[in-house]
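In the two complexes below, subunit A is the common chain; its partner is subunit B in one and subunit C in the other.
And then the complex of A and B:
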């Protein structure tokens, strides 16, 4: 297992290195002239050259990349062109907000999604199963931002229970702080709950038909034990891989949902950066989000290996 | 001078005919999509108003007989805009999927057929692309320069190439060792002939099902990119951009956001039903395999 973890960590380091090159090349080469953008459309050629020189844009590409990459390894993410201050503190503050939102949503998704899936599987063909099917079908057919708007309409406009956007500082008290998180988190979970419960349902139904579940029932074990100890553990295996995919979805969803609710997270920061052609900020946010995604995938793979001895022993000895 | 023995070499097996009774999902999905496509194709003719005609006197009017879905903040008819905007959303869905097929299928065939170093190289590149969350990859491609609709189609298509390559590759790997491929080798057929005339015709059912899924993903991802301002640019509009523009109006004129949202919902559900039906019709066994 330790060997497997090490191997995966090395692979991720390699992928991140390649990603950093890719992000750097795409953002640095293609825009044509960053200095022009920064200096303004009507700046004289001298001003543009001066800006290019100040930013080191007149250096060879390799030198520029080396500066950027070595800075990142040392914890320096560069200086934002628009805000004119170091990217790192801004980025990590926004990241904290996003992480909070994502974590809350993820817990929701795991609890409600898996729970709903199991219930639908047990009462296979019942009313609850049909309702869950319709809910999941609609849930995966609609983009997050539309759900966000529907929720705003219902809970902020008609019922007036919750704020329609923004975030409250911790100092404003627990009430406002949580109330600002509810709608974005609910929006994020909607699609994912649909996804996770649909998968849990089908894998649970299959597991419940299997030989060993029949054996467990034949032994006279109580239904609760059969479900939780025998069936669930195996039925959850495919769900775990999908949860990893869903972390990617969640990260994408965070970007969109933050835009809908004007929530000050990393997604909104990235969109701000793109709109203002703030290269260092774009590069740093994309790299950080991608790195988090890679780590999330690693964790999911490890969990999968942990729950599935076939893989744990198979790959570890390879 | 072909030897008679070679003439009797096993030919590519014919795919079994699909079950005679078509699945209900296929019919429903087909009906919904046919209706949506026809409405959108005829949009310029049947839209009650020009989609960009402003009418300041009729701003933010609720749905009425004159404006079935109401009007937006410039007094433009929402129904006409939904119909016209649907064109870009559908082009996004099918265009990005076509691009993804055009790049993904040949690469997957090549990787599965050649194996070895070619396979390794293709798959490692795909690994890197897959290591980005989809929307982030889209944003990365669009972050530079001025955003445009066609760039967004390109970006969305690229995002889904790796999964298409993986699928095609795994199907190809299974087919390569089949007798009819061995026979084709023995006949001395070229690689291009074997890939496109022997393997592809037998590999397409799972590819078709995957492609139907990709169409909905592409519509949704494209709408998200437009919502973020990276896709369609005003005054042209797709459903994502319409919803984005309607976000500040949610309190005063919710219909401006709801109409395109519901249209998108209906379209995506239709394509999803069609895909499920297709899966059932093409291969009942795949229903189970796909869910895992």
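And then the complex of A and C:
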């Protein structure tokens, strides 16, 4: 097991190294010129060149990459060109906000999505199943920014129950803090719940038809035990894999939703950085996002192994 | 008279289907006394599993049930769900067919066995676990305390079935319902499980309802037998009565269609039950068996048959059961059998010291460290080499049928596929018609594919469901023809006719065919290229007994007519003994005995052959059989223990260290008959024959061979 984790961590390091090269190259190809942006639209070519020289932009690509990559390895994410502040604190502050939003959404997705899927599977063919099915179709087929706008219109504009955007600091009290999170989290959750509950439903239905569930019933176990102990454990295996993939989706969703709700997270930071051509900020943001995605998949695989003894004990490796 | 343990009367079960009501069970009545084993016998679709699920109260909501099921005098139908659930496990236990899928892969053995006590008897977990260890010991598992923490995938099939039985009896039920509990197991393991069940029945005075399709198993375990056909009880009586002198035509037919493990029966055509299983949404008027019955009269088609009481506890659903003759002998006898090639003539296909090795990770093996480039420590997952086929030589002559018998995992299918180059061998040579085809590139194999074909076990999965029957066969014709085939349809229809299907089947889809008809299509497809050699990989294992007989007859006829050679792979020794000229017995990748069918079925035996023969259940009541040879354990040796004779870990006649270390020599009692064993030939020859020399004439359902 320890060997497996070690192997996976090494693989993640390799992936991140490749990613760093890709990110660096892509940001180089981006149209526009940072020095020009910083110096201002009407600066003379000499001023632009001076700015470029000060930032090291006139050096060969390899040297620039090396400076950047070695900085990261030493824990230095670079300095934001536009804000003229180190990237790390800015990034981690935004990341904290986003993580809060994503974590809240993720918990929602897991609880509601899996719960809804199980209920639909147990009441397979009933009214609840049909309602859940319609809900999930709508959820999957409409993009999340649409739901964001609908929610803002209904809850912020007409009902005026919740703020339409921004975030509150801890110091302002629990009420405002939560009220700023509700709408973005709900928007993020909507599509994913649909996704997760559909998958859980079909996997649960299949498991409930299996021989071992029938055997558990023949042993006279209470239905609650049959469902939770025998069926759910096995039915959740595919869901766990998909949840890890959904983390990627969630990160993509965070970018969109933060833009819609003007929420100060990493998504908004990334858009800001791209708009202002702030290369170090772009590079660091994307690298951090990639790292999070890799780790989420590792955690999912470990959970999968925990739930599936066949993997835990080797053997099925032929 | 006291009320029996279980009394089912007039049980009917109906399902609503788009095509109308499907009558799965119709007026089934039977009783089980405490300490008695009642077998419910039937083919697929007979409704035998529905009876079991109805007793357990596990039928789906869509099932409409009428009639009465009384357990210890208490009516079960109409009981609320909670009361039914509380009976399950505690009063009525159940064991299902496939042990692997019936155990939850993510719970330990201990948890699964102890469960009924924890949730049913409110025992504390530790106390329940202690009882589970005792129960695992009671079902004959070695080292039960260690097993408790194991997971199902770490156990062999026989061990898994024992675990299921332990879980079914741990809460002390009075009735045990068993749904084909040994069908998924090898014969030697099946015999062990049947012994175990018999012991449990005696020790605990368990009533048993034993559901099976296998009349040999019935003969071994049952006191009374209930024969089901199309949801109706057609015959009911004691084991001796039903198997010894069957009264209903269907029972006679079932017994007649079984291939027999006796030398006198070899080569004879088996008498099948003609026709198709009836459509239960639109059953035939009158007697349900009338369309397939050779004794049918006008009255049979006009009147619905009641279950008639005969003397004793016997009942039969046939008005003329007293006046029936023997089951009619099968159609025209075989055409002149192709003469066997003379000794020494070149074989058609020959495998020479073939090996196939697989590498797989070892369970709990952990890490092994090796050095790379002399200095770098390099971690590697420990793995083991599995020898699926181990330096094995086998030849199939022209027009010869070589039967390959062995248990699951013995490598017989792998060998069959290697001989067709469908699987690449690790080492060794394959000769086809004298030419070495071992190293031919895939592109050059077209000629081989035309002359060598395969018939698969499961016709359901080997036919493309979206392709018409005619297209499936036609494709095989076209692929191997050089250019366009002019009258393709006519050729395909000739092939359909050859395998006994009407030409109209050209336009049918596989799902419109029965299992036997699908297998006929599979045979037609294999014949499409005019092959000289066909690997038959368990071609009748997935079929019902009555259908199996027709397919065996067909394969025999084709061989006689076209002079094709077969490598006939099967786990069922009686099927192989019926069709094969020579038999090779395979164990753990090696051939332990090979020779003509007559030589292999008579002493001297290899100890494994002897065990196989003695474990094979026969449906002849009272037939004098020797004490069964008991094998230790239930699985082939792990890769690490493989040295010497592969059978040493289970052999009841093991000599000692020599069997574990030295490879056994090849003994030749007669030319062409070889046994790989350390025991001296004289001692092997002293073993009395397992099969009675003279088959019991009475047992063939009154069928007189002369």
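The definition used in the following text is that the second predicted complex is superposed on the first by the 304 of 318 C-alpha atoms of A that agree within 3 Å, B and C clash if a C-alpha of one lies under 4 Å from a C-alpha of the other, contacts with A are read in each partner's own complex, and residues count from 1 in each chain.
One rule holds in what follows: contacts are C-beta pairs under 8 Å (C-beta built on N, C-alpha and C of every residue); 3 or more make two chains touch, one makes a residue touch a chain.
All figures in this text were calculated on a predicted structure; none of them were measured in a lab.
Student: Does the superposition put A:286 against subunit B (first), subunit C (second), both, or neither?
Tutor: first
Student: After the superposition on A, what does A:108 contact: first (subunit B), second (subunit C), both or neither?
Tutor: neither
Student: Check whether A:225 is in contact with subunit B, with subunit C, with both or with neither, and answer first, second, both or neither.
Tutor: second
Student: Does the superposition put A:26 against subunit B (first), subunit C (second), both, or neither?
Tutor: In the superposition, A:26 touches subunit B alone.
Student: Any idea whether subunit B or subunit C touches more of subunit A?
Tutor: Between subunit B and subunit C, B touches the greater number of residues in subunit A.
Student: When the two structures are overlaid on chain A, which partner does A:152 contact: first (subunit B), second (subunit C), both, or neither?
Tutor: A:152 contacts subunit B only, not subunit C.
Student: Which of the two partners, first being subunit B and second being subunit C, lies in contact with A:210: first, second, both, or neither?
Tutor: So A:210 only meets subunit C here.
Student: Could you look at A:234 and tell me whether it touches subunit B, subunit C, both or neither (first, second, both, neither)?
Tutor: The answer is second: A:234 touches subunit C but not subunit B.
Student: Which stretch or stretches of subunit C touch subunit A in the complex?
Tutor: Subunit C reaches subunit A through residues 56, 58, 85-90, 93-94, 96, 98, 101-107, 115-116, 119-120, 151, 153-154, 164, 167-168, 171, 358-365, 367, 379, 381, 383.
Student: Note which residues of subunit A are touching subunit C in the complex, please.
Tutor: For subunit A paired with subunit C, touching residues are 3, 210-212, 214-223, 225, 229-230, 233-234, 307-310, 313-318.
Student: Which positions of subunit A touch subunit B when the two form their complex?
Tutor: 15, 18-19, 22-23, 26-27, 30-32, 137-138, 140-146, 149-150, 152-153, 156-157, 164, 199, 202-203, 206, 238, 248-249, 251-252, 255-256, 259-260, 270-271, 274-275, 282, 286, 289-290, 293-294, 297
Student: Mind pulling up the subunit B residues that touch subunit A in the complex?
Tutor: 127-128, 131-136, 139-145, 216, 220, 223-224, 227-230, 240, 243-244, 246-247, 250-251, 254, 257-258, 261, 264-265, 268-269, 272, 288, 291-292
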